[in-house]
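Each structure below appears as structure tokens.
Two complexes are shown next, each including subunit A; its partner changes from subunit B in the first to subunit C in the second.
Moving on, here comes the complex of A and B:
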């Protein structure tokens, strides 16, 4: 089987597993909504501050919960399964890309669910033309999925992986966080989103190249 | 062991010398006594870069040779690098508080990127600590050790790439931007800190070697269980 059909097959299989398990839709999305609610409750009745921090909170929640999505139980391979895939000659990078693609889609769903909730809870002053910020947001979701998948692979099989992976990922995902959040800020100041979109694209490309370079050693390390 | 003791003794002497030079070095006219922090801040930042560079090179060597010496060296260097980065952040923050009027400024790219680098290497050490055995720790952390070093040039050149509170590079190809006496004192301290790094690296690598040896000698679970003897038991 060639590279791209392998990628599509892995992504499809992961999405079927997610549909059956419902981890993201039934657990992570409600948990994310609760997280979004906590800050206004902690801040108290200060509408101006709540309105100002809304978009930032949306990005923080997206970053942290993207890790939960990338590390979801239904996307974790058992050692026997890994060994079987390896024996079948499956390209490790195709597996990585397939998993990243399914995680990117689920992170996108998560962000799409969080955005209206952020509008509801925080009432932010969104700038005119804010839909243009969807482009860097989608690119950031892809990057978060890639970095999350890489971290999930590095920590595969370790007992503390759900805590350890976000510790490794969060600092590495900062360019995505900065690019995504600043695009909206830039629109608010009548600026261009292009530099921030380019930053997120560059981070995505760097992550994809890193994935291509370390996919095989990662597979060996995870055995 | 004697070599490590000699190195540690030399490092202690060098640090004492560095301290004397730092306390007698000329001061900056504007910053006064606070400018002496440079003799700790710059060497610790520099050694953090060196330590993470050594981690990356040792990780590459482990991937090529699969010799545990390189893994021990990589992890020992990362530990010392994290220590020096913490020292650099702490001294930088104190210096900033005294001179800039703020202990932390998110708009300063050097501060922000150094903090990120610190947490990535804390993650590296956490990954090693979470791994069940030395081979798994080496296989996984070596990849992170190689990837994470990308941050070192980013942190170093961040003062030239972005605007912030930090001054630009003090030592450039076209000369230094600080008085000679101050520069010499700083370089003496860089040399002293480098000796401390070498001594700590040797000591920590040796401790890791001994730890691995001790772990190999520990009895495995079930070693104490003696199988029952069936001599003389009649067949039923």
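Moving on, here comes the complex of A and C:
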């Protein structure tokens, strides 16, 4: 099987597993909604502040819960799976990209669920033309999926995986967080989203190249 | 032609020697049993034969590829391993698990139902792996080896969790791999369990092979 059909097959398998396990839809999305709701409760009745911080909170919650999605249990390969896939001659980068693709879709679903909740809880003043910010947002979701998948691979089999992976992710996710959030800010100041979109695209490409370079050494090291 | 040739192979993990000076030859059409108590390195030796673990000393080749070199990736598709734990994804059904393997291995997906029937799992094809008994999961793992047709089959405690009927499937896996000019290796802590599946049994003790 060639590279892209392998990517599609891995993404398909992960999405079937997620449909059955329901980790994202039944667990992560409700927890994300609770997290998004908590800050307005903590700030009290200062509606101007709540309105101002809404989009920023959306991005912070998206970043934190994107890691939960990328590290979800149903998408973890056990040693016997890794051995089987190695012996099937699978390209480790295809497996990584397939996992990233399924995580990107699920992170996109999570963000799509959080956005109306952010509107509901924070009532932000969204600028005209805000739908244009969907483009850098989708690209940021793809980047978060890739960085989360890479972190999951680096920490595979470690006892401290759930602690260590977010520590790896945090610095690598900064350009994605900045690009995605500042695109909306820029629209509010009648600016262009292009520089921020390019920043997120460059980060995505850098992550993809990194994945291509380290996928096989990581697979060999994981045994 | 030699399928496996190990000469003075050793493997140390950290400071612990697991395998020591192992010499082993396996010819086409041969069924080898490796016996030994728990913790003597049987599974590690199987991982070396599967090319998934590189020796730290000695030399060896599997299906013509020299261990510890990049060429091992070219022969991996011809190796089938069924380890302690069946390589099944819990949230997929048995049929979906085999279909996933078939697609990745470029095997006709039409063969999946037939293979499941061969191991007596046609009625459980749509059952999620997590809801299957250990014996059923073992059978499904053996079905994977029937589906992918490797030339070197490696079984770790092949009989664990299998009833008498299912042991016939292990025989069938062996019969087919020998029919393809391959070889078959099974390891067990119970030498009596190897008798039926092996033409030759070697014993592993403290990481060393005794014929």
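Note that in this section the second predicted complex is superposed on the first by the 223 of 223 C-alpha atoms of A that agree within 3 Å, B and C clash if a C-alpha of one lies under 4 Å from a C-alpha of the other, contacts with A are read in each partner's own complex, and residues count from 1 in each chain.
Everything below uses one rule, namely that a residue touches a chain if its C-beta (ideal position, glycine included) is under 8 Å from a C-beta of that chain, and two chains touch if they have at least 3 such contacts.
None of these values were measured; they are calculated from a predicted model.
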{"item": "Simultaneous placement of subunit C and subunit B on subunit A, clash or fit", "value": "fit"}
{"item": "Which of subunit B and subunit C A:171 touches, first, second, both or neither", "value": "first"}
{"item": "Subunit B versus subunit C as contact partner of A:1, first or second or both or neither", "value": "second"}
{"item": "Partner chain in contact with A:13 - subunit B first, subunit C second, else both or neither", "value": "second"}
{"item": "Touched partner set for A:51, first subunit B, second subunit C, both or neither", "value": "neither"}
{"item": "Contacts of A:160 with subunit B and subunit C, given as first, second, both or neither", "value": "first"}
{"item": "Touching partner for A:84 - first (subunit B), second (subunit C), both, neither", "value": "second"}
{"item": "Contacts of A:218 with subunit B and subunit C, given as first, second, both or neither", "value": "first"}
{"item": "Lowest C-alpha to C-alpha distance for subunit C against subunit B (Å)", "value": "6"}
{"item": "Overlap of the subunit B and subunit C footprints on subunit A, listed as residue numbers", "value": "none"}
{"item": "Of all residues in subunit A, those that touch subunit C in their complex", "value": "1, 5-6, 9, 13, 16-17, 20-21, 74, 78-81, 83-90, 223"}
{"item": "Touching residues on subunit B, where the partner in the complex is subunit A", "value": "63, 116-117, 119-120, 122-124, 126-127, 130-132, 136, 139-140, 143-144, 147"}
{"item": "Residue ranges of subunit A touching subunit B (in the complex, touch as defined)", "value": "154-155, 158-161, 164, 167-168, 170-172, 174, 210, 214, 217-218, 220-222"}
{"item": "Touching residues on subunit C, where the partner in the complex is subunit A", "value": "47, 50, 52-53, 73, 76-77, 79-81, 83-87, 89-92, 96, 100-101, 103-106, 128, 144, 148, 150"}
